[in-house]
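The structure under discussion is supplied below as structure tokens; questions concerning it will follow.
Chains here go by letter, A, B, C, D and E, matching the order in which they are written, and residues are numbered from 1 within each.
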Amino acid sequence: MSIIVENDPLDQVDGSASFEFGATKVMSSVTGPIEAARPRNELPTKAYLDINIRPSFGVPSTRETLLEHKLGQLLPAVINLDQYPRQTIQIAVQILKNGEPNDYTARQLVAIINSVFIALINSGISLKSSLMATCCSISTEGEIRTSPTSSELASSVSHFVVVYSIEDQQIDNLLFCDGLGTFKQQQLFDVLDRAASEILLNFQQIRQAIASHVSQNYVWKA
Amino acid sequence: MSQTASLKLNRFPPDVLARIAPDMLLQKYLQIGLRPSLRKFDEFRPVVISCAGVGRYEASEPNGDINGVGSVLGSSIVKSGKTTAICLISGAIVEDDHELVNDYRTKLEKDIIDSDTHKDNKNASVYTEVEISRGASGPPNEEEIAVSHRLYETIYHSGLIERDALRIRLGYKGSEELEQEFVPHTNYSFVLYATIQVFSRAGPVYDLCYGALISALRQTRLPAVYIAEKRTEAGVRRVRVEEYDLVCEAEKNEPLKLNENKIAWSSTFGLVELDRDVPHDEDKMEIDTDGKILLAELEGEAEENIDTRITVSSNGSTLSGLSVYGAAGVTKEELRKAFDLANRRAQYVLNSREMEM
Amino acid sequence: MSIVIPGDHFTLETGTEVVLGPNLQTTGNIANPTTAGYLVQTQTGSSSLAYVEADSKRYMPAAQDFVVGTIVGSFGESYKVSLANFSTPAVLGFYAFPNASKKNRPRLKTGDLVYARVASVDPDLDVELECFDATTGKEGGFGHLEGGFLFEVRLAYARYLLRHQDAPTPYKTPSNV
Amino acid sequence: MNVDRRRNVGPANVKPLVFAESRPPAQHIDPKIFLETGLIQNCSGSSYLENDKTIIVTSIYGPRPNFARSFNDQASLKVSVELSKFLPLDNLKDNRKNITPDKERLVASLESFMLSNFQSLILLQNYPKSSIEIFVQVVALNPAHSLVYTLKNIVNGVSVALVDSGLNIRSVASCGYSGGADHEMAVNFSGEDEILGIWSDFAAFDESFDSAIDTCEKDSLQLRKEINGYLLQKATAKQ
Amino acid sequence: MVRDYDISNNEKQFVLTALEQNIRLDGRKLLQMRDVHISVSRDEYGYAEVSLGKTKVACRVTAEITKPYEDRPFEGIFQISTEISPICSPFFESGLTTGGKQSNDEILISRLIEKAVRRSGALDLESLCIIAGSKCWAIRADLQFLNYDGNFIDISSIAVMVALLHFRKPDMEIDGNNVILFDEDQRNPVPLSILHIPLCFTFQFYNPNDDEENIKGNLNNELVLLDANLIEERLSLGSMTLTINKNKELCQMVKCGGLNIDASMIMNCCQHASNLVDDLTRKIHDVIRTDSELRKNPVEKELQVVNQRET
């Protein structure tokens, strides 16, 4: 897949990034650690994640709440939340282009996860590891497609969002997997393998984007 | 002034320890091969599925007359351990609009292209609202919304309900066929709604709600619908609005057609690493397992503290609706173990006598 | 210097004293960067130093840093000082000024700028500031800043300016014009 | 346009299901009740009451600390009634006002009736600085049941849940019902021949009013027998 | 709790002193607008990104067929959504975390844009009617606020208007009670009927001396500036928004409290805005024209479709 990453395009937040692959584009921002907006968001031992996702059109609905929930399940695995007790880390996401039918969120979730990861790096918040998300679909013929297009998704039997952590330039742990539709056990394992090699391949682009941003921030070092 | 200070060993009862140091308590149990919920590692809570019998076309007693009242089309009560979920299904009628918006082509070409235009939305789902009783009123909280939408999403993509199964074939009163010339221009379909109330919440809510929803859908019967009359009203500023009065038969109905092989049961597992450093009594039985322990249906404060989870639905052999997350990472071997358990569990629950009702 | 990202582990030499700087986490003798930046490892005598030089926008207080903050209010016997917009304010005690006493307390208004030193940082407590030189107890240039303008810069640039006195831009940042 | 963002409500332009009524709803009401307590774990007391296809689940939370107010010398009581979605509400009419109120107003009047009834029954002064909350959920409703008849069921459900909760109460309440052709009445009695509350649509206090009270009392005595029987059986089973 | 920027007295004094000398932090003159940069999507209709200095807003226009309002059977529906996400600054809290309550700034922006665009009849609602009383187009403009550096109002009016001009709805035919929609490949989609282009200009007022002087009326040396950036907007003592179109018609004028200003200043502001509106309108038209020229020629498109079918 061809990936376009824009590093730190936003001014008022601590870290931001846009992630575009195919017809899907998402912009994410991270601010924090900041003071909790209300007392009930102050957790005594760790930071509170305030996640806010907005759709490309229309008002946020239960669909976005579920996406926020999924992101909230994934992120504690990579953020060192316990380093920021009582603080809030605010994550705001704006979906710019869906790139898939309305009843699907796979491509958007991939773009959300990847853009939030880069935004987190830019914000300087302490992370445990690197990660990357990708999506796959299984067609009616049982064929696996990585980063399926909108029409491939629509005609698929099942589709998956897979997130792996990356350590020492290698695929490490399966951090998140969200599968919808019906599939066999073996098919899922094939999907995980395909996703892993896809991630290993594409993470180079993200790494490069991060590296060039770092050197940009230190122009005087050159 | 001589006083000696002494450190006393503090002992906490399990429920207190579960609150202040859930991970410690969990490890203490696991060391001796037990769980805080006292179930075996791979043991699920007993599940009882029963008929609520409140639907319009359901009978409240076996072999009794159908209730014949109300607008509930299907219902179920599912009890898992101490937790109960009551699911009610109802419906409404909507004018099909996808014909209208997606039918891009001119009429001449319609037949050629029809086959590929409607592929994307052949599935339907149930608009679900989950309510977990917790001694507070107000709008649904984030967890309730997430569970509700997850149910909608999982049912939609699993292909359990086809759009065609909800299409209404209009008749005349008393079930006569409708004559061609009276057939309205538009097509109508049912929309399904579900409300699930969860009492005594403990353990995985999603599994229970999924079970309740599936069980209620299996009981759901759709009314036969006929056109009572065609009204042409003069509305505001004498705009003519054509309306059809659609009436559901009081007793005539047919069961909602489900794709039987897509009926599944959902199971949730927790994955926890055994901490060898936690002190434990030497003489107690030691479990030998390297790596992580898979626990079926986490329940109680100590167990629910585990944040690596696997949720999967299975019809006994085929999987659907998978959710895996957690910092510990999940290996294929662990997934395989979870899937096997989920398959066996689904076979057991779906074939049990209760499910037949 | 190489650019590292989280997950790029490297092994610390055992047997020698290693001082860990910012943005590193260790398990045993394996170190893991917590953000992206330049990995800096230097050797001085028997001990070595390792840290990740990373840029960000939000200032995270570290003890002995020199900072410029805005007074946003007072609470009990101390001022609340904002070091970055929307961050939890730091605390600057009324007696953390040179020669301060019950009778001679500083008179700062909300919105005033102060130049101070970070006295203590603990994630579970509020950050504490002081307006005197810890070694002499004297003023040491700290206190109320009058006139001028406050420029916000990225943290890496601020550190660069602090280390290079001959930098081609005004000396301190945030600084007086 | 206000959209509910917290619920997945589906398409906007739907028509509700309209059913042809082939037979009038059964007029005969089966007075048999089925009771169960303690079904809900995470509250102080609960009850499940089933009567002729009407299901009412009551849960009581409290006494729990009340942070809302600075100080109160007795517990504050709150009653919430929730009618599940899809319930046939056509028969729930408030005949006192001769109008069919919307769902919210209906619920509000039920809540205020219950509040005044139970405020005097629960020994609130024994729980200073606390709050007690009663949640009533009408899970299923027999469309033949009128508002007043449902009220009776709700009151009896709450009464049993109160006993289950172990909260200090003066006595066990039981509510009786009397329904005539044009008038309906529900009277809530405490154990000592004392009336806790009357809900009636009688316009005048004439003989028919008195006889309706008598009918209610008889009904309530009968119900008390059933409730006590259940509670005794439950208590002995425990031992 | 409302979060706000902590602006020091030093910054405040510095900005105001500079303003008195007709200098702004970014080097502009008091009544000078920042450069407007407009870009529209090449591969879809109805999407525009506008930046005004560092302030950045995107707008997406979508259309669907629905039932018209009962009391307006001959009109389509037009909605503008102006919810501000914390993505543009933590200063704006999200609607859901505040329990659905909008901040004052948000309410102000949504009302102003509503009046400027919707009530001024920029979009011809009657042209959106398909079958009176039963079917019409519902047009929705969703504003996405991406970066905050002051003046969300003016930029929003530009973004909404560009996105509306850029939007094309599918062509259709009516066959009795059926509506047949045509795909992009089949027939070129049709633009909306835009009657005029109302644009907002927001002026901010300051008094470097004492507020009381204004009220007493002895000295009226208040300062006025156009298109404030973040710090200028936070320090402002009052603001006024004028909505005006190319024909120099004033569509809206709003001044909600704040600093008392000289009546004649309003006239000067109007005059200034009407000088600026021409350029800005031309710029918008240029962007739209360039975009439609870049898109494929319709005849070519038709042939392509035919070819595809034959092979």
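Brief remarks follow.
The criterion applied here is as follows: a contact is a pair of C-beta atoms (placed from the backbone, for glycine too) under 8 Å apart; a residue touches a chain by one contact, two chains touch by 3 or more.
All of these numbers come straight from a predicted model, not from anything done at the bench.
When the C-beta pairs in contact are tallied for C-E and for A-B, the bigger tally goes to A-B.
Summarising the inter-chain layout, the chain whose CA centre lies farthest from the centre of subunit D is C. Comparing the CA-atom centres of all chains against that of subunit B, the greatest distance is found for C. With centres defined as mean CA coordinates, subunit E is found 54 Å away from subunit D. Centre-to-centre spacing of subunit B and subunit D amounts to 30 Å, using the average Cα coordinate of each chain.
Here the spacing of subunit A and subunit E, counted between their Cα centres, is 31 Å. Along subunit B, residues 145, 148-149, 152 each make contact with two or more other chains. Contacts with at least two other chains are made by residues 5-8, 13 of subunit D.
In subunit C, the residues touching two or more other chains are 86.
Those residues of subunit D whose C-beta lies close enough to touch subunit A in the complex are 3, 5-8. Interface residues of subunit E, counted against subunit A in their complex, comprise 1, 3, 44, 54, 56, 58, 60, 62, 81, 83, 85-91, 93-97, 140, 142, 144, 146-149, 230. For subunit A in complex with subunit D, the residues that touch the partner chain are 59-63, 65. The touching residues of subunit A, counted against subunit E in their complex, run 9-13, 16, 27-29, 31, 34-35, 37-38, 50, 52, 54, 56-60, 90, 92-94, 96-97. The touching residues of subunit E, when paired with subunit C in their complex, are 3, 5-14, 90-91.
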